[in-house]
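Please find one structure pasted underneath; my questions will follow.
Every chain is named by a letter (A, B, C, D and E) in the order it is written, and numbering of its residues begins at 1.
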Amino acid sequence: MIEPIMFYVTAGLIVLFSILVITARNAVHCAIYLIAALLSIAALYIYMHAEFIAAIQILTYVGGIMVLFLMVIMLINFNEESRMRKATGQWKAAILVSLTLAGLMLYFFFKGGPVITASVPAAGPVPVSGNTEIVGWGLYVPYVLPFEIASLLLLVAIIGSVLLAKGKADTWD
Amino acid sequence: MVDIADKTALLGDLIQNSALIKPEIMLIIWASFCLLVPKDTRRWVSIFALTGLAISGFSLYWTYGYQGSAFGGMLQLDAFGAFFKILFLTNAAVCIFMSRKYMDIEEEQSGEYYCLILFATVGMMFMAAAVDLITIFISLELMAICEFILVGYLRGNRRSNEAAMKFFLLGAFSTGLLLYGMSLLYGLSGSTSLEVIAKAMEAGAAKNPLMLVAMITLIAGLGFKIAAVPFHMWCPDAYEGAPTSITAFISVGPKAAAFAVLFRIFLSGLGPVATDPTYLRLLSVLAVLTMTWANLAALTQTNIKRLLAYSTISHAGYLLLGLIAGKDNGGVTAVAIYLFLYAFMNLGAFTIIVMVRRKGLVGDTIDDLKGLVTKNPGAAIMMTVFVASLAGLPPTAGFLAKYAIFSALIEAYFKTHYTYLVILAVIGVINSVVAFYYYWLIVRAMFLIEPTDDVKLTFSPGVVTALTVTFAVTLGILLYPEPLLNFARAASNSFLR
Amino acid sequence: MLHVMGIPILNLVCYVPLAGFFIILLLDRKSVTAIKWTANLVALLDFILSIPLILSFNNPSYTDPLTNFRYIIKVPWITSLGAQYYFGIDGISLLLIMLTTLLGFIAVLSSWTAIEHRVKEYYALLLLLQTGMLGTFMALDFFLFYVFWEIMLVPMYFLIGVWGSERRLYSAIKFFLYTLAGSVLMLLGILALYFDYGRQTGVYTFNVIELQRIGFPFGLQYWVFLAFFVGFAIKVPMFPFHTWLPDAHTDAPTAGSVILAGVLLKMGTYGFVRFGLPLLPDASRYFIGIGGKSFPWMMWLCIIGIIYGALVALMQKDWKRLVAYSSVSHLGFCMLGIFAATPVAVQGGVLQMINHGLSTGALFLLVGNVYERRHTRLISEYGGLSHIMPLYATIFLIMTLSSIGMPGLNGFIGEFMILQGTFSDPTLRIWSGVAVVGIVLGAAYMLWLFQRTMFGEVTNPKNELLDDLNFREAFCYVPLIILSFWIGLYPQTFLRYLDDPVNRVVSKVRGSDYFKLSIPVADATTSPTVAPGTVVADRPAPHR
Amino acid sequence: MITTSHYLILSTIILTIGIVGVLTRRNVLIVLMSIELIFNAVNINLVAFSKQLQNTIGQVFVVFVITVAAAEAAVGLGIVIALFRNKEKINLDEIDLLKW
Amino acid sequence: MLKYLWLIPLLPLAGSALIGLIGLYRVRVIGRKPNKTLVHTIAVGAVAIACLLSLGAIHDLMSLPQDERVYETVSFTWIPATPLKLTNGAWATFKVDWAYRLDPLSAVMIFVVTFVGFLIHVYSIGYMYEDSGYWRFFAYLNLFMFAMLTLVLGNNFLILFVGWEGVGLCSYLLIGFYFEKKSAGDAGKKAFIVNRIGDTGFVIAMMLIAVTFGTLNFEEVFRAAGAWPTETMTWGLLTGITLFLFLGATGKSAQIPLYVWLPDAMEGPTPVSALIHAATMVTAGVYMVVRCNALFSRAPHTMAIVAGIGVATAIFAATIGFFQRDIKRVLAYSTVSQLGYMFTACGVGTFAAGLFHVYTHAFFKALLFLGSGSVIMGMHHEQDMAKMGGLRKYMPWTYATMLIGTLAIAGIPGLAGFFSKDEILWRAYGGGHKIIWFVAFLTAGCTAFYMFRLIFLTFFGQPRFLDAAEPAEESHHSHGGHGQDTVHGGVGHGHGVRLPHESPKSMIIPLVVLAVGSIVAGYVGMPSYITHTNLWEHFLDPVFRYQAPVSDHGGHDAASTEILMTALSVLIAGAGIFLAYWIYNRRKTQPADEQRSLGVVYQCFFNKYYVDQIYDALIIHRTKDLGTGLWAFDRNVIDGLGVNGSGWVTRSLGRLSGVFDKYIVDGAVNLLAWMADRFSYIFRRIQTGLVQSYAMVIMVGVIAFFSLYMYLSK
């Protein structure tokens, strides 16, 4: 009985913070709501026994990415935001479209009753807890190639962000 | 859990397998070296990068014979991948050739530029070989991020910024959709390996309603990459804003890579789904929409880069026809041939546009080509051939490409007797006529309209090299297409296995 | 295989203009005279080289006894697709090739003074065009045929677009798009045949002769016929696909019009007779209405073309446009003959292609002559030209007569054979009867044109000082006039090349038992007269 | 009992919210954040399936997704800065130099 | 001489080509006209030799036994053998030879053609001497001789058709000889096109013959037809063939409804009118019908139509001839009328009589035309009889010869016309065709009347040419309408009145020869009640070998009736002459008075029953309108099909205007342009440049695919 309550509370928080992310006027607030949402999701991961992922979620997402966001927000110092309208002209249509899509997806998810997945069972029994090693094994053994490519990806991202943020003295047109 | 012996064995495997991705590794090394080039020798960095491509090409030749999976099923090394890898290497090489002078004019000659091109190429090469969703995803992102940066490479140029911004936002958005689809596939099959997914599909996952959502989000995500209507909107904007050499680069390589992935996923992974007539019809609609919409939109374009963007979109439509024709009917062969030849003709056309660029003239509107025949007859003639080829006119390469596609469709019709295949073919050929009209606007401007200035255009060595290669293939392929056809067929067959 | 200088004759004839194209590209832009001479000599050389084709045509050592095609060149090309580099000619293509080389030469010659700017490109493109056309008539492989078929579009586009008159850009692209639209559909048709042949035999080939060996199911033939029809009918052009033609003809430079009318249009008719009918006999019968079991679509279109073209020509104010519409009418006759699919009609149809090439080619040249002098094509600007240009008027008269089918000139033989041949099929008889009306209208618009331009007083002072034709201009007409009379008076020189190929086509369309119904053809020669119900005794030989 | 379906519904909701954010917010940074939401929706899916299927591939996948999200964020923010430097604006409906 | 038969047509052809080439060479290269003597030496020489050759050939033919009087010579194979499927399913080898055939029928024709032709050539030397197109004229004239001889000598229908079209062409060229005049050009064109309309009939008939008999050779066709039954009750194949043939004949021989070209053809030089439009070409139709007697005689329905049309044309043209002012037009209508006679003869089954009239008519009509030419020349190119009168004393030779000709045509006994016309009337009556006889009989009176009107107005009474230049006169006859503007010439040009003069010898001599011919030519065909055997018919017998046996309608009540009938016809001719004498000589009625006294009837006759106008309104203008309309249709509907829909269809039916032209959006190109225009609006709306609207499109696309899937999977 405790499980559902925990789930619903966490899920409620996630949804709430997510909604706040896209409705808050100030970008800094948005970032903070997003951090909150991400943390809630991390909680959900723990609840799902994906502790390693939860840790990464907190470390990378909250600690890395969101800090970057906040830095950029500060750098740009875009404080007119509060005085201007926050949504594009198509917001009504956008909400309609998004809800339609959600409705359609859910309709198809549950068309044939509750979700049935994976007709092929997993390779072997995987312990429910203490999965860090297993995930690590997965990362370094079967998925070592993507892992290496990911390193390239990060290298490129570093080059790119430096290059783009560095700027250039003369303007072109 | 895993004992030492296993780990040693795994390490041995890793080293052995690394030999199989020698081309990629070579390119990674060279790309990294590009970053380290000192400022005063930047003039040579392009040559350096080309050397890397050449070495990679040679390595590819040495590894070509190997067929089979590597890295525990992450990669499938086969002729299909090799075919595309050659395509990517050529693409990168031609782009580097045409970039040399162009980047001088833009005053952006730097190691990073070439490095990013090479990294993007690495990404594409992994995409072509990847048979696991995670590998596919990560190499696709490697390519995409390089693209984003390259498109925004002219940092001082607002158009370039804006193009990068749009491309990036929509790219990330579509990645989200793609990932969503992939997550569902994983949920349905319990694995990210396409082989396992295929087994799961046969075992009944294909009938799961989740599959539809997965399918459509996948179509949306990959449709974005190949710029299929209605996921194409970024394409003209990004093409227009990007540096022209990069426009050329991203109009060929990433499209081809995305098609390789599309084929791997749809034909290997979702085999039973992909032959479901309903999905085929869905894809047919996508193809028809893509061709028609792009052709109509291209009609009134005045900017050549935009025009060629729409042209690229419409070509994506034709390529989808190959997918619809299916793997048993030469569809894969046709698409391989098409992409290969398209690379040459499209790059050739872009080379000419790059050539027109000079200080004070962007050279990307049709008007800038006015009277090109008096300014540089050779360039005008070559451009005519490229454009004719894009339009699919014999005896150029484009004809062979179109021929291959339509032939696959008709063959599929004779096997399945689905009428919509013929209708698709008819729509396709009619579209090629419409397309001809706007392509020919370029020829018209070059030959039939008097120039507004009398600046003579000259060739630079890099451009000449690029043009020589592309022109020779575009005009000459029909004389002896056999090697290409055989290679493409081999690619198709290896892929089917 | 006949070789000249070690090269197979067909290759030589086909690629000599291409060589000329490259030579001209290498010449300096400014050395106009050298370019002109080169082009003229190359075109002349090509014509001379094509003469051995006719001379040794019946030499059995150059003939493939099975297919009866001559000078065959068969080289593997794209083996994996089943495409070959397969050249060969029979009587039908022989005549068209001779026409092409001749008109090609005349077109080049006639441009000597007419073209003043961008001379180099002009001649280069004319020669390139020549190669394209010759290749089309020689190709016996569908893939190769299609390649040549499309190759011609580009030079023709430039010829119209660069050296044409007022609305040249419009006309050029219109021409291009129309023909392209047709040919891509044709390509689908070709592919359908290719795969169905493969399905039936397991062998995939574009070899036209091979494709003819087997029968295709009617359902397939039906659609492929439609695809071919669109492709060829646009080229011919048949009503209602003809509207590109007046524009293209009108705006093309003289040589362009000559080639366009003389040769390019023939590709459509040639396509029908070489590919359309023999490959798709059942669908052909269905659409033509042979046997009276189906609606005669093709006949309607031919007839509408004949009458419609003539009526519209009647009211033209533009000289060249008038001739252009007359082509619509004449080609309607050609198609009537070919579709009628009786030996006489098809022979007439093929001969009429040649005739039309000669007479309409000459008419366009004639318009070009005065256009070069006056720079207007409005009929009302002229009048009384026979006073000032008697030689011109005479040639114009001869060509007018040829065009309206005066007996003794070429047009008559063609028209009569077409009508007679069509008439001999009871179900198509009515169409022949209706087509006769076209002859009246043909006389009406041509004579009215003749009257308005040649007769009357010289009312326009600008015309008073016009020069008559000079030697070069007049020389262009000499072969045309000679051939017009030759075909008119002694057509068997030409018709004898058509016997065999035409009979093959007819027996394909009508089935091999068509000829066997009563008296075999070979025997029929001995008993020429067969009256209904009676066996006629030997004629009481009149004195000889 | 909380089943996979629950997680699916949750992820769909977050996905929808993310999409709404992408479609409606003018501020490019908030749009970027909305995209992060979409990625998280995917991650929830993956972890949920991983749990249901009792294999860790999904979780491995999540690691990659987060990596990519980080890389994209870095590049995206770099582009934002470059754009801001040239244009002084980061509202998306004002970025319309390239159209038609 | 028979073996030189092929030379007979070839000589004039060679002459024509030679003159043409010399002429073109001189004019184009040297810049001067060719020497006239050289020109007429070649031309006349060629015809003279041809004439001698034909006489020789005829002589040789006559020396053969009656049954073997057929000579054929094949020059070469024209259309080579090709298999042709016949209506009965059998195969024939369709083959056409370029071959000539001499038999009594063609013998008569070549005699007439070469002999009269020769005379007219001679006459032309004088008549055309001052004309600047002298060489051109003779080139055409010789070409005509070739064509006409080919026509009559051809041994099959197709060769006949070569000549048939050839004479049409020469007629076109010669009518339009004075091509500076628009009317001449118009007339030439009209002649050609009207002829062509007839030719369609001929072509269809040929095709029918070919698919029925498998050949076009006369001998073979007729022999085969000889085995066919007469289609008395039914409208069978032969009826069809003959009707189509007759359509051809009505064009060439100016019968209702295609006679309209002949009066206009008088625009040509007078020798041309004499040769082509009186003596030879126009009789080609009759010749053809006679030639095809084997077919016609087996198609009684056609025969009835031929006779009916013939006699209708005869009376119709005769009435029009009553009040014409132009001397040549009177003769032209007279020709039409006489041709009607000939067809009447054929129609009632007496082909020989028809041919006989052809033969005699050639003499006297050529004579009359040449005489009128002489008058016109004497009057300094005045053709209006209202400006003549009293020419008797100025041009005695002309007067005398023309009078002989007029007497001949009027049917005065002893002259050529009497025998032939009388034969026709008698046969019509004797064959039981009473109505036809009666109409023809009336026509004979009319003929006498208007011919003598011509004589009296021209040669008798007060000279009217002295006051001819008055403006009142000019305006008076200008109301005549269509075709009246032929009066050109020296008199009106205001440099004083010149007196008429007699023509030179080269013109008079042919007149005299023809006058003699007009008298004696008829004696070869004296009726059987005088000579027992009609020599003419006997000579022609082989021609009618395959004719269907004619059912005899009281032909046996013989000589007495025939003589009675003869007397009657002489009587009515006399009445006509007397009437003319009374009105125009005694009462001295002037042409100007005719209108006043007769009113509507006069208008009707004078304006040729308005047939030209009706044809113009009903056919010519409608054809042109159709052409214009179709052109508009072409430009707008076909070219723009699917582009702008129905609005165009309505507009395009209207006439094309410049403004409209500007707004025409036609063809595939413009379809694209239009679509691009329309679509670009949509595209612009969608490709806003705003990244979020792009994302929106993506989402809408995704939803659309969901919906599409739901639709497709149903």
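Quick note on the criterion: a residue touches a chain if its C-beta (ideal position, glycine included) is under 8 Å from a C-beta of that chain, and two chains touch if they have at least 3 such contacts.
Treat the numbers as computed from the prediction; the structure is a model and nothing was measured.
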TODO: If every step must land on a chain the current one touches, say how few steps get you from chain A to chain D.
DONE: 1
Open item on the list: Need the graph distance between chain B and chain E over the touch network, please.
Closed with: 1
Task: Identity of the chain that, by mean CA position, is farthest from chain D - done: E
Task: Chain nearest the global centroid, as defined over all protein CA atoms shown - done: C
Open item on the list: Farthest chain from chain C, going by the mean of C-alpha atoms per chain?
Closed with: A
Task: Between chain C and chain D, centroid-to-centroid distance (C-alpha), Å - done: 66
Task: Separation of chain B from chain C, taking each centre as the mean of its C-alpha atoms, in whole Å - done: 44
Task: Chain centre separation in whole Å, for chain E relative to chain A (CA means) - done: 99
- [ ] Give, as an integer number of Å, the spacing between the C-alpha centres of chain C and chain A.
- [x] 71
Task: Multi-chain contact sites of chain C, meaning residues that touch two or more partners - done: 173, 177, 181
Task: Residue numbers of chain A (touch at least two other chains) - done: 88, 90, 94, 97-98, 101, 105, 108-110, 115, 117-118, 121-122, 134, 143, 146, 150, 153, 156-157, 160, 163-164, 167, 171
Open item on the list: Give me the residue numbers in chain E that touch at least two other chains, ranges are fine.
Closed with: 668-669, 672, 680, 683, 687, 689-693, 695-696, 699-700, 702, 706
TODO: Chain pairs that touch, all of them, please.
DONE: A-B, A-D, A-E, B-C, B-D, B-E, C-E, D-E
Task: Of chain D, residues touching chain A in the complex - done: 1-10, 12-21, 23-27, 29-30, 32-34, 36-37, 40, 43-44, 47-57, 59-60, 62-64, 66-75, 77-82, 84-86, 90-93
Open item on the list: List the residues on chain E that touch chain D in their complex, please.
Closed with: 680, 683-684, 687-692, 695-696, 699
TODO: Going by the contact rule at the top, pick out the chain B residues touching chain C in the complex.
DONE: 373, 384, 388, 392-395, 399, 403, 406-407, 410-411, 413-414, 422, 425-426, 429-430, 432-433, 436-437, 440, 444, 447-448, 478, 481-482, 485-486, 489
TODO: Going by the contact rule at the top, pick out the chain C residues touching chain E in the complex.
DONE: 170, 173-174, 177-178, 181, 239-240, 242-244, 246-247, 308, 311-316, 342-344, 347, 384, 386-387, 390-391, 394, 401, 406-408, 412-413, 416-417, 419-421, 423-426, 429, 432-433, 436-437, 439-441, 443-444, 447-448, 451, 454-457, 468, 489-492, 495-496, 499, 503, 515, 517-521, 524-525, 528-534, 536, 539, 542-544
- [ ] Could you please specify the touching residues of chain A with respect to chain D in the complex?
- [x] 3-4, 7, 11, 14-15, 18-19, 21-22, 27, 30-31, 34, 37-38, 41, 44-45, 48-50, 52-53, 56-57, 60-61, 64-65, 68-69, 72-73, 75-76, 78, 81, 84-91, 94-95, 97-99, 101-102, 105-106, 109-110, 114-115, 117-118, 121-123, 125-126, 131, 134-135, 138-139, 143, 146-147, 150, 153-154, 156-158, 160-165, 167, 171
